[in-house]
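Below: the structure, in structure tokens.
Chain naming follows the written order as A, B and C, and within any one chain the residues start at number 1.
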Amino acid sequence: MAAILDAQGLNKNFGAVTAASDINAAIERDSVVGLIGTNGAGKTTFINMITGYLKPDRGRIRYEGRDITELAPRDVTRLGICRSFQIPQLYASLTAFENMLVGIGVVLRNAGRGGFFSRGRALVPGHDLPAEDVAERILERFGLAEYRDKNAQVLPGGVRKLLDIALTMVAKPKILLLDEPTSGVSAEEKFVIMEMIMAAVRAEGATVLFVEHDMEVVSRFAGRVLAFYDGRIIADAAPEIALADPEVKRYVVGGVLRA
Amino acid sequence: MSRDRTPRTLALILLALLVSGQFLPQWTLFLVTVALAKGLVVLGLMILLRCGLVSFGQALYYCIGAYAAGMLGRLFGASDVFTLMLAGMAAAGLVGFVLGFLLARYRSIFFGLLSLAVSMILYGLLVKTEALGSTDGFHVLPSTLFGLRPADAWVRYTVLAVALLVAFIAALLVHRYLGTPLGRLASAIKDNEIRVEYMGASARHAIHVKYVIAAALAGLGGALAATTVGHIDPEMAYWTTSGEFIFITILAGTGNVIAPFLGALVFGVIQTVAFGISPNTWQMVLGGSLLVVIVFLPNGLWSLFRGRKAA
Amino acid sequence: MKIVNVTHGSFYALGAYAAASITGALLARGMPPSLSYAVLLGSALLVSVIVAPLIERGILRFMYAKDEVVILLITYALFLILEDVIKMIWGVNPYFIAEPYGLLGSFDVLDLTYPYYNLILVGVAIACGAGLAWMLGSTRTGKLLVAVIHDTEVSRAMGINVDRMYLYTFTFGSLLAAIGGAFTAPTVSVVPALGVEVIVLSFAVVVIGGLGSLPGAALGAVMVGLVRSAAIHYLPQAELFVIYLVMAMVLAFRPRGLFSIAEARKI
């Protein structure tokens, strides 16, 4: 099957620090890929390069055959690659519901609907419902209905995390990049959050890459693992094989245990 | 979600002022008209403030609008009040469009200081331009309406009626704009620009659009002020004029398109009353009320009208 | 302190007024004119030590949590108030004290005549700049202040008396403004509009140099001075506007000023 996303020979240095060194990864459509590695291994840099926040010094990124290396984050997002953040990036002064409406508004605008001269209520592309209904539905799916009218800045950590992920779903992403979706929540909650995400993804159909430090979560949800160390990919295989790799054990899994 | 009552409220205010204006003394008509002119500028500042941007140089566009209107009369003898206002709006909007490419890249204090710098450039130019009267400025021709010059007793009322109509239309359009996805992006840009970009929108583009709207509104206000006051000078571009507009914006709050006009009117009343009582301490009264508003009404006078609903 | 402070203009005006009136009064009572330089300094010290703590303790300290743009507006409100306070105390008529200026005479360089007083101005400016640099870099208080500016929370947690640091800084900053005003007073007529004019000019200086940078401010001041003199000499019509043109150009090409610090990574 053809890769939906193909990164070839990515390199990125910050001064003397190597954040990415010859990263090659072809991601298949509808796969679920776990990105593992210690802090500073290059996972977030990888996501930042795919989404255009950082430009690689060398190498190309292709999405559905198209070169997206030079695109800005908003253009990458418009193509259907959406991301969540390690530290939730929310509109702090708006309620959860309004956060969703802003996101949906952008989707409407990019589709040329709901503008200054249009009349009546526009339907959100991909969902075929008015904006308010789409917002309600996605909040519901992530168990956020009870926080609908609370300001984002007063929400508890786990809820902020979920809202951050829910925001990525408004644009019907084809690829979902989740940067530590379960960081900062308790061990039991991790599985709940991942189940919710996976249920939503299954319903909408998307390719998922997620960064995760908990190897149990990785082996449960990922079909494939990319292990990062010092800016390189040191293992690329199914979870049971990758996690058993001696190098991964030494640099990644061991590192997590020691921490 | 409650029904949108703003258009109806605006229409009621328009009617009430149009009717009562015929019976009010001349000086109040002048006060209200000047407040409407400033309200238009503040309406633009409000759009920017919703994105978290404070322009310390909005007087630039106010002044451009006024000088555009004044020069149109001086050079071509144009005196139709609508022509003058359109000219002021177009000139300011055009300059705003060009400068917007630069300013839309700036945020917080840097946006404020750069807009201050450009407005002071204009001030510096005008002060030294003999042809435009240097620091004295020049008189604006008495304006006409559709080729007619109203009888002297009705001049103030006619200008007020025109101003009301223009302000009404501007407020309605801005209100509609604020309800569109691009308009709503304002608070999102203020809160978290990274997320805005990662949702597929360009914050810079959105700010550029808002900046041009704000510039055009300020130009409109400037042209209106020029025809009302009948005289223009470089002081209109000076930083204290910008400070006054920001003052009104904070006083008014960003809650609704009616707020800027209300704020401008309250400002005008405070200024007139305080100046009347004691010409040397009116600034103190203004400064004091600004402090009070910032501390006790962080969302401006408008929050008094919204009551507890907002909480 | 990460505050863009409009009241700085007020302190400049306050310094000028205090210097003009106190020096004038003392000279009228027979003080030898040679002492007037010390009186200028003393007047600046007097107003800033009285007024600055009043403003900082009384109002500003409750506002630090607010957005920097809001703080700027608060200082603008205070500026409006102080301007009228000045008018209430000193009235609206101009004050003159020419003695310190005239006393020293002048000297000639090529065909141009320079008053010696200008050398004193340069000396005072250099002394203030050097003193400030020394304080920030070499004294305990200065180093603590740099720490407080970088991270208020951590500084507080480490036991630094942040409130006191803010008070000292604000007072000291205001003192410098008042000294500027006091020593300028003999060369101009002291009028209420003094503060309005100087504050935008100093914004230009600070922006050109880079907000919060001491060498930047020095460089900015020299640049503004040179550009202005050059303009007056070659193209008098452009005097005012070139300064702001330079300010706009610097912002356009180096948005954070000539001496600026890079921003940290956000995501």
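By definition in this document, a contact is a pair of C-beta atoms (placed from the backbone, for glycine too) under 8 Å apart; a residue touches a chain by one contact, two chains touch by 3 or more.
For clarity, every value in this text was computed on a predicted model and none was experimentally measured.
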item: Distance-maximising chain from chain A - centres being C-alpha averages; value: C
item: Closest chain to the centre of mass proxy, which here is the mean CA position; value: B
item: Chain pair, most C-beta pairs within the contact cut-off; value: B-C
item: Separation of chain B from chain C, taking each centre as the mean of its C-alpha atoms, in whole Å; value: 32
item: For chain A paired with chain B, centre-to-centre distance based on mean C-alpha positions, whole Å; value: 43
item: Centre distance in Å when chain A and chain C are each reduced to the mean of their C-alpha atoms; value: 50
item: Numbers and ranges of chain C residues touching at least 2 other chains; value: 267
item: Per-residue multi-chain contacts in chain A, two or more chains; value: 89
item: Residues of chain B touching at least two other chains; value: 194
item: Residues on chain A engaged by chain B in the complex (per definition of touch); value: 51, 72-75, 77-78, 82-83, 89-94, 101-103, 105-110, 114-116, 132, 167, 170-171
item: Of all residues in chain C, those that touch chain B in their complex; value: 4, 59, 62, 66, 68-70, 72-74, 76-81, 83-85, 87-88, 92, 196, 200, 203-204, 207, 211, 236-245, 247-248, 251-252, 255-256, 266-267
item: Complex interface listing, chain B residues touching chain A; value: 1, 176-177, 180-182, 184-185, 187-188, 190-192, 194-202
item: Sites on chain B touched by chain C in the complex; value: 52, 54, 102, 105-106, 108-110, 112-114, 116-118, 120-125, 127-129, 194, 239-240, 243, 246-247, 250, 280-284, 286-288, 290-291, 294-295
